[in-house]
Amino acid sequence: MKLNEWLNSEIPHIAESLESINKSNFFIDKTIGFAGKESIYKILHHFRSALFPGVYDKYPIDENKVNIMIGNNLRTSALDLKDLIVKVLKNDGDNSSSIEDKASEIVVNLINSFPEIRNTLQTDIEAAYNGDPATLSTEEILLSYPSIEAVSIHRIAHKLYVMGVPMIPRIMSEYAHQLTGIDIHPGATIGDYFFIDHGTGVVIGETCQIGNHVKIYQGVTLGAKSFSLDENGNPIKGIKRHPNIEDNVVIYAGATILGGDTFIGHDSIIGGNIWLTESVPPYSRVYHSQPSPTIKNGNG
Amino acid sequence: MKLNEWLNSEIPHIAESLESINKSNFFIDKTIGFAGKESIYKILHHFRSALFPGVYDKYPIDENKVNIMIGNNLRTSALDLKDLIVKVLKNDGDNSSSIEDKASEIVVNLINSFPEIRNTLQTDIEAAYNGDPATLSTEEILLSYPSIEAVSIHRIAHKLYVMGVPMIPRIMSEYAHQLTGIDIHPGATIGDYFFIDHGTGVVIGETCQIGNHVKIYQGVTLGAKSFSLDENGNPIKGIKRHPNIEDNVVIYAGATILGGDTFIGHDSIIGGNIWLTESVPPYSRVYHSQPSPTIKNGNG
Amino acid sequence: MKLNEWLNSEIPHIAESLESINKSNFFIDKTIGFAGKESIYKILHHFRSALFPGVYDKYPIDENKVNIMIGNNLRTSALDLKDLIVKVLKNDGDNSSSIEDKASEIVVNLINSFPEIRNTLQTDIEAAYNGDPATLSTEEILLSYPSIEAVSIHRIAHKLYVMGVPMIPRIMSEYAHQLTGIDIHPGATIGDYFFIDHGTGVVIGETCQIGNHVKIYQGVTLGAKSFSLDENGNPIKGIKRHPNIEDNVVIYAGATILGGDTFIGHDSIIGGNIWLTESVPPYSRVYHSQPSPTIKNGNG
Amino acid sequence: MKLNEWLNSEIPHIAESLESINKSNFFIDKTIGFAGKESIYKILHHFRSALFPGVYDKYPIDENKVNIMIGNNLRTSALDLKDLIVKVLKNDGDNSSSIEDKASEIVVNLINSFPEIRNTLQTDIEAAYNGDPATLSTEEILLSYPSIEAVSIHRIAHKLYVMGVPMIPRIMSEYAHQLTGIDIHPGATIGDYFFIDHGTGVVIGETCQIGNHVKIYQGVTLGAKSFSLDENGNPIKGIKRHPNIEDNVVIYAGATILGGDTFIGHDSIIGGNIWLTESVPPYSRVYHSQPSPTIKNGNG
Amino acid sequence: MKLNEWLNSEIPHIAESLESINKSNFFIDKTIGFAGKESIYKILHHFRSALFPGVYDKYPIDENKVNIMIGNNLRTSALDLKDLIVKVLKNDGDNSSSIEDKASEIVVNLINSFPEIRNTLQTDIEAAYNGDPATLSTEEILLSYPSIEAVSIHRIAHKLYVMGVPMIPRIMSEYAHQLTGIDIHPGATIGDYFFIDHGTGVVIGETCQIGNHVKIYQGVTLGAKSFSLDENGNPIKGIKRHPNIEDNVVIYAGATILGGDTFIGHDSIIGGNIWLTESVPPYSRVYHSQPSPTIKNGNG
Amino acid sequence: MKLNEWLNSEIPHIAESLESINKSNFFIDKTIGFAGKESIYKILHHFRSALFPGVYDKYPIDENKVNIMIGNNLRTSALDLKDLIVKVLKNDGDNSSSIEDKASEIVVNLINSFPEIRNTLQTDIEAAYNGDPATLSTEEILLSYPSIEAVSIHRIAHKLYVMGVPMIPRIMSEYAHQLTGIDIHPGATIGDYFFIDHGTGVVIGETCQIGNHVKIYQGVTLGAKSFSLDENGNPIKGIKRHPNIEDNVVIYAGATILGGDTFIGHDSIIGGNIWLTESVPPYSRVYHSQPSPTIKNGNG
């Protein structure tokens, strides 16, 4: 009774107060909002269904149906994505009259690259198969490996990032992060045959460049050392802050490699929990020279 | 055929057996169960929709509709939450006749604090914007940052925790944990302008106190050293077990800070993978003085 | 306009190209696909609903209904699981005529073990209650602890693994991984009273053997040191690669224990962030003898 | 703006007013309400799925699965129906201690009669096949004939009616009415080989008795002439008010047959639009002796 | 294969052709479309839930919740309805600047009349109870009588019609028609204590006026005789074309009463299948003086 | 308790019994079943969405999207429909090797006729607008007239019927019947500018031929007089049994016109409730020359 009275009399004021705080802080009409986020998730779903028919949707056996469904998914998502790109470009300050054409071109380029992306993802599947002794069949990789979840989204998001699309690639990568615990910034460049084992807690920064045949374990950070501030004390955006990893490198669990000048030479192995802020030459083996832990007498 | 016979003849016994184990071990009728959990998730959704219209629901442009929807969401959730609080208080042994009034008062206090919570969350958004060089617009923080996901839930759950509500705040924080990999106990006190980058694996303990302008990276633990046992060997509940972090502190990835007496003085920087069980004074820079890792000759 | 023209004229070719890449790389008709994955998730849901009525579904108070619902869930899931097992055994190369009987027997064995699994899970709940000072009631463990989420799935998946079912247990364990950030290979053997606190980033390898009353914190890896390659440079599958943890061991956050010959003796405590690749005797206390971190003068 | 103000200030009063009218007029807590109605629809669905596997649900080809699914559907629906019966009996004034047993017995009797009901429905399908020159296969009857929709529901509802269950049979028959435009009161007794062609507008009253091999067309009413009033002017409930139709009768579209004493003798044919309030002997042919309609000269 | 080629090459042209036909024939951008129709259905649902809590939604027992839910439903629907009214008024040619105010006023008037509508509907429930010997309780009327379905929608739609709202009332009444087979034009004026038994096929025209305590059976038409054409041969809209039915009249199944000048005097009874195009005085009994049907000898 | 025992012990037998009755009576594996019915409903939805964008789906304003969506809907539905046609042709005994080609050709022909069907439906909309004085705008016809619901489905179903597709057209027409109460057999041939007012109870038989500009009211039957039986007493299928209605005819409510030789000449008007089994020449006016009903003195 008393609660209801309060709800009827006071809630309108609180609602108005929240609305007013929002209006002063946050230009909600300029964002893509919840609807845009949902739309991006749906587009990703359709794109991955097109790349791997049968893995993200109950696809029919009939090849004709698969073909038509891939086509339909790509067409619908292309138009939805174009609209979103126009919106985020506008919010980003692009007022050019050719913004529709620009967005269309981005979409065309992205979809044109899908056969290439699919071929690259095939190398990632092979890397997972070869890299994990627990795998008994290639089929289970697509159905149960977080690596392929995260990397398939990354390879799409990265294409958009490279073409200058704001915000959308980040929403895609954060979606992968939420699904897998693997946080790959869409800016990172990643070669073929890439595999992340277990994956939880992996962070790969925006300006990383990763070669071919690289394998990474859970909890690895490829991050920034610290970032330069401008005269106002704000971080300077857009400079190289994250390491390069050359071909055939393995990085074990929990290793941390930081800095834009840090290059891990090809065919190196970085041990678990290693903390590296400087480059190492090719063929390096970086082991933990940690002092033996103190082991108190086992007799209790 | 044979399987069906077995299913028809034996399953009833197994069902009975499972039911009987459950009855002896678990007082399911005293819990809020699956329905309660679902209800808490829905309440959280409505509350966050009220705090950030357009981010958690497809809100209309029309301001009048936004206003009415915030109000409706708050009213419905208020009553649902009140019922749940009454239930968990009763399960917790509260048999007072004023339990309905108590629960109502908690709900009123919580919702009254929403404008304040919203203002605080705005400082968290600003901290994220300033703290991450990869962010290009404030808009993308609300749509794609796990930090704001986890912290917005925490600030609601913490209010309930402080008012003595059992179980519900923990279900809320575990929901955030599941979404983001960030595990903040609802008991933790957290100041303004708080930002967690990447976030996976962060653990913040129940009795932590965190000041303003604190920034934390993935894999940081603010935990207990060990916990005191009572005469029966059970952990003593309710004593301060986790560190305090003062204003303007940065804690890099994988650092572990333990113990209820451990204070990190203001304006300190704690390096990555640091293991700290003792206090440090203000303005400290705690670096990893780990021995250089062994790097075997790169010529392989 | 131009985009639509492109969509109508070019998408059919891209769809055909993607279809053709898929056909050459991936024998989609031999997998269980998306539909199988969904089915496994549904089976897991029904099984856990049978083990803990009221926790995974809105179960009615009426005991008769609970009883019938458990039975119905088990019967439906039994047949669905049998079909899936037949399919994965066939994909795995089993062409024996008794494959249906074999799959039925596996299902019968699994469900027959449910009362035992339920009893074991009860010890896990008790371990969680005793092991976490922040828990105030046993009820909240089932509703909000990632440990019980992951371990309840593991105990089911492990039974299937032991009976030689391919792929399905891995899809189950990866589902748990996605929900909780805890990655337990279904091959791992785990005793009673097992508890993982917080859990994000925990990795437990395929050939681990874990005793009773073991407690593990977030970020712990029980992994392989490296794996032996066969003459072709491929990892040799099926040999013991992961450590054994005896009874009453506690392993703190971020510790890494590697190798198939590494045995952690009973009643030992392994400190946080410890890196261990060799056995320790019973009653060991393995502390971090790390050098004090460099703490620069706090006067900034 | 002004509308919002009104909504916030006035709606609480209108809500209170509506609530108060409801409370004084309608004992909502004594009914089964919307939830009960939904439950009855679901029970009907499960029952009809059990009677005709594959027609009301996507049933699997596998016979074992069909068998288990029928069983599960019957078990679940049995308990739901028992609860509803207890509720409506109580609302109807039954306060006996054996009400649970009574409801259980009704459910057992109903389900025990399902093989018999299924056999009878098979005669209805045959009647439809033989009675409609437009039918080319028996299969299309189950998938597209309103007659079988309505009659399959009636045969279930009638069993409940006969056993004295209030309200539930009426909700079932009104559900059929809504689906098909055929309104058969659950009290009506209907023999084998019954077929209604087209069906829209057919009304069959509570105390009708219909023999075997009867065929009825759209718009036929088997109704009451008028009903006797008691001393207070209220209709006397529970007396025979509707006609009997003996075996092998055909009644064409729009015919109206009224009265509890009106018997249509076996093997009769009642013409379209006929209005009959008196009995006719067996083998009657009742034609429309209506005067020729006036046909004005066709030259306009 | 060949079909797919055709689908890829020809469908774009057919799609373009359909789009172009639509554009030339139908100003889809000027209508409320599918979204508007869905919205009207939802508004009706909320309004009827507010009038009869527990009948159209799973309402909680708790009176406070009922109260808040009624309020929330009315507020949300008020704003949705206002938007729709603005849209249909504009489509109807209203370009006044005060169109928002006008729509708001209509909504306020409608909702203000809800207590009155609820009271009137209570008289309809009583009429159904008294008028149908097959009814055993008032509760079953709300759950299973098409009359109350159709009339509750009519009384809402009629209020909107009277206030000059185009299209929306018609969509409401056609929704009722689809649910029940009862087609009441929203323009019809209907008094208290109104009951339609069975109802299928009833048609009540736009300019009918029906008094209190009127009872109608299935298949009754209260229609227009013919309608006057203007000089262009088009029907003249907006003149009285349908009969008046005074208080206490009963009209039996299939009767047809036509014409705007046809008045059925109070306390009359119109027999089944009667065809009336002229007025009858109060207390009339209009029976079917049809010649006895030809009954051929029953000996077959 | 006792009920549960019965459910566990007896339900398996009843399930087996029902399964066995079904197997002996009904070749469920030869039908399209529930799944096929659902698929037909979905195809109809997509087809009507293609014919009237915005009326059956929330279509976007953007013309490019409308175009792509129409195309996608047609492509998907084309393949689904082809599969269903193959199935029903096979069930119907067609074992030719070219059955896939035949089904494809049917689908291509159907979709090729969509622009023509759309144009014809436009004439139906115009007929509705001109024929109903209560209509105030053409827009409301598509959103609220049962005539256009039923006729739009009929025009699609009829095309399939003409091409010899079994069962599917009947399921379509019965779907329309359920939605509207209008039962048009897919075999009926119907000209342009066709309008059915109110519609409930209308039945139009398989071999009817209806000209242009025909208008029909509720409850009209265009049926068979009786049907010829073959030597076994079964109805002879496939002969003309229903009347022809020439151009510009109006048939008022409840009229019944029967027989394959009955021709209603052009520009005729058939009065309400008329019963006609013989042809009438052009320009006829067929009025009800029924004797005045007996009207008993109005003084009661």
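Worth a mention:
Going in written order, the chains are labelled A, B, C, D, E and F, and every chain counts its residues from 1.
In this text, a contact is a pair of C-beta atoms (placed from the backbone, for glycine too) under 8 Å apart; a residue touches a chain by one contact, two chains touch by 3 or more.
Treat the numbers as computed from the prediction; the structure is a model and nothing was measured.
Distance from subunit B peaks, on a Cα-centroid basis, for F. If you lay the C-alpha trace of subunit C over that of subunit D, the rotation comes to 180 degrees, to the nearest 5.
Compared with subunit D, the chain whose C-alpha mean position is the greatest distance off is A. We define each chain's centre as the mean of its Cα atoms; on that basis subunit C and subunit E are separated by 58 Å.
If each chain is reduced to the centroid of its CA atoms, subunit A and subunit F end up 52 Å from each other. For the pair subunit C and subunit F, the distance between mean C-alpha positions equals 55 Å.
Each of the following residues of subunit D touches two or more other chains: 3, 7-8, 12, 64, 67-68, 71, 75, 79, 181, 200-201, 219, 254, 273, 288, 290-291. Considering their complex, residues 2-3, 6-8, 10-12, 14-19, 21-22, 25-38, 91-92, 166-167, 170-171, 173-174, 177-178, 181, 183, 185, 187, 200-201, 203, 205-206, 219, 221, 223-224, 227, 234-238, 241, 254, 256, 258, 265, 267-268, 271, 273-276, 280-291 of subunit C touch subunit A.
Residues 50-59, 61, 63, 66-68, 70-71, 74-75, 78-79, 82, 101, 104, 107-108, 111-112, 114-115, 118-119, 122, 125, 130-134, 136-140, 142-146, 179-181, 198, 200-201, 218-219, 253-254, 272-273, 288, 290-300 of subunit B are the ones touching subunit A in the complex. Subunit F meets subunit C in the complex at residues 1, 3-4, 7-8, 64, 67-68, 71. Considering their complex, residues 62, 64-65, 68-69, 71-72, 75-76, 79, 83 of subunit D touch subunit C.
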